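Following are the structures in question.
Note that subunit A is present in both complexes that follow, paired respectively with subunit B and with subunit C.
And then the complex of A and B:
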């Protein structure tokens, strides 16, 4: 499907899409107000699970990647229940520690290949497959966004008290989001492993975490499409700046993050910004408010048929 | 945890009060906010909860709705003991409330804020129903009705942060009603509203009661309390000092002393009306 692209471009595009999955993995927890820094850890879990299954158990690629994502999700569910009762900076630190424990653990076992990692992972994921997966994930995100689940997640981010008062089980939704985050990170890890054929613990680094975090901050936590578009746009920009220049790369991420934080603190998909851009009226109501009137109800007798 | 004793009544569910509170107490360190409160609300009535500032009214509401855990006593809703339950679980029992200092999702639209109130009903639907009704944007019919009833249609797509105070109150009430609650708890719903607005809210609350909902109303507006409440509870220093009909409760000398002030019982009844005039000007 993407044969018209040269192999290098295909590899770069695949890397960008893996990043998009990682940003989505952060988006899903940001959406309900959880600042998770465990994503890279779950990515490593997914990558190692799928790679070990493929190289040692000779599993085919697709089931191996799926298993990696599921294992990451299960770990996210189990450990999420431990850290998700924390709030604010403590939650961020808790998830950060969690992610690091996974990466360090992997580096210190012999059956994972230790610091040397795993080589000889079959490289048989095509760009088309990756595009398909990102689109499928996008469709799921869109359905969730439109449903009461998405609304509940957004409500939790905006005000937990309101959410709880409306019957939204805050703890359950946060765990759900964290599990989904683990799944997506595991998926991204698996795809990356089967793209490059080689993985080692040091690639799941703090630098990668900061890059993904910057992308997620720029993208904001309202629309999933923002995450994908940000990952693609900045990934492409990076190709023009050149990946070898660490300083230029740092300036790109750091500079963009600062600009976005100043101009649109909630990211480029801030609903307020979107409303302004789509020219929906945003008029201030300074005049006296009109009282509710009985005439407004057509039936008149009993406008409230609540039961 | 003996609050559910009412379930045992042989007459069945008809006798189970919407809320039954027994010996409820809450202390914050050395401060006793609510002490040994016992009452039950009869179905389909409006009960006013009044008392001077700091009497523990909001604390009591927070205890009932699960935002605070009581230090003693028990709460039963529809005969089921809910002591120590989290707010979402209490809401699942059919309890909806508004807050004294309006809590809304500020960056969302009015319609979305009301939709949040439908969460419980949408969540309870079976998966098949959800799939079938997905295209019809479930909950919208409820929102449409409430937009009309509370005269918010014009601002349905506006961000709630942009709205004036009275409208924000109405959005909150709409959100609570969207849950189709069997117990509606309103914490000063007419604060900051004009006289016309608060009269309209009063009529609305009566309609809600007539539709079969029990209402617990915390309110400083004495005129409104007199006009719509079937019964009034007076709270002072965390204790219920009087319970009577809305007409008779003011004749109680204890209530006069505690709530209306020592010297000018009769005159201060007009006080809230004056305050209302003040807020009208401020709001305009």
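And then the complex of A and C:
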């Protein structure tokens, strides 16, 4: 399907789509207010499970990648139940340590190939398959966004206690989101492994986490499409700027992260920001006494719509 | 066994310094600062460059501490101050420090061309000192002595001086402290400067111990610092000291009885384990959530 692209462009495009999956794996937990830094760990789990199955047990590619994603999801479920009762900073710290435990564990066991990693993974994922998977994930995200589950997740982010008061089982939805995050990260890890054919523990580094986090934060936690588009836009922009230099990359991602956090802490898909950009003149004038609406209603309706 | 315990305490003393730095920022500013890892690195690089320019080692160490302190204050005065004024969420602050971390780290990486540099240890004490049946490298003895001295000074400062009382007041509630005539911005800057100095000191000892310096040295030490404050409880000075010593001993014993490769993994496992069992650390005060 994408044969008209030269191999290098295909490789770059595949890398960008893998990043998009990783950003979605952060998005899914961000949308219910959980700052998870464990994504890279789950990515490593998925990559190693699928690669080991393919190289040692000679599984075909598709079942191997699926198995990697499922294993990552199961690990996320088990450990999510343990750490998700933490709050705020403690949760960020707990998930960060959790992700690192996985990566360090992989680097230190011998049956995983140790620090040397795994070579000779069959390279037989085409760009078309990856595009298909990202689209399929997007469809699922859109269905969830429109469903009760999506509204429940967003309600938890806006106010956990109010959500609980409205009868939403906060712990169960957070665990669900964390499991989905693990699944997507595992999927991304598997695809990445079968794209490049070589994996090693070093590549699941803090720097990768920072880059994905930057993309996810710029995209914000409201629209899943924002995550995908941000990953693609910045990936393409980076190709045109031609930043292979570590300094330029650091300044780009680090600078973006800082600037975005200062200017639009809720990301570019923040409903308030979008409304300000599009409906500013249509909105009736609000007196200084009325409190500003802190967030849009979960259905995303603009204040003009009267039900 | 006794020898290993002594080694563990010496290692733990450096860890306590790291924990004290982070706990100071957390206690006063309520920020979990990922950029701290780069204060460690920049401090050590400051010393390295000073030594390369034939500055005597003692002054080079002071220069390194000053460099890290100034970088820390600069970051706080620009990014953090700005975000605090706008009342951004805890989330956004943590993520912004991760951004700062990445910028600082790539600058350091660029300076050293992604290579590990040799850290000149000619000016540091070498050889070892025998104490009873155990022997301790003089460098570790020095770092132990300095760490203990720093802890005593810090404890005295926070508990016995007027400035320390002001710092604790700001940590408790900055608006109330302002009403009582405390310049909270100056206190913020001071706390951040001191924490940068502590980071640099730990980074310099670490570099001198291995006689190498890499732009990524801070990452491992940052995790250690996090483990220390999780163990000891966030914002607790006593907890940071005891947490540091405990972590040093645990790492040394793990290397001795289990395997050297797990001494890093054990740090992360401790973080997860303690957070699950006792989220406020061993000495932390339970935080009440405001609804």
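Some notes on this structure:
One rule holds in what follows: the second predicted complex is superposed on the first by the 276 of 307 C-alpha atoms of A that agree within 3 Å, B and C clash if a C-alpha of one lies under 4 Å from a C-alpha of the other, contacts with A are read in each partner's own complex, and residues count from 1 in each chain.
Following the convention adopted for this analysis, contacts are C-beta pairs under 8 Å (C-beta built on N, C-alpha and C of every residue); 3 or more make two chains touch, one makes a residue touch a chain.
All of these numbers come straight from a predicted model, not from anything done at the bench.
Of the two partner chains placed by superposition, A:277 touches none, neither subunit B nor subunit C. Within the superposed three-chain model, A:164 lies in touch with subunit B and out of touch with subunit C [touch as defined at top]. When the shared chain is aligned, subunit B comes close enough to touch A:148, but subunit C does not.
Shared contact residues of subunit A with subunit B and subunit C: 161. Every residue of subunit A that touches subunit B in the complex is listed here, in rising order: 147-148, 151-152, 154-155, 158-159, 161-170, 266, 270-272, 275, 280-294, 296-298, 302-307.
Chain contact summary for the complex, subunit A toward subunit C: residues 35, 82-83, 86-90, 92-94, 96-98, 100-101, 104-105, 108, 161, 206-207, 210, 213-214, 217, 245-247, 249-251, 253-258, 261-262, 265.
Taken in their complex, subunit C has these residues touching subunit A: 32, 79, 82-83, 86, 88-96, 98-107, 109-110, 114, 219, 223, 226-227, 230, 234, 261-262, 264-265, 268-269, 271-272, 275-276, 279, 289, 291.
Contacts from subunit B toward subunit A in the complex involve residues 65-67, 86-89, 91-92, 96-97, 99, 103-108, 112, 115-120, 122-123, 130, 134, 138-139, 145, 148-153, 155, 157-159, 162-164, 166-167, 170, 175, 177, 179-180, 194, 196-197, 200-201, 203-204, 207-208, 210-213, 283-284.
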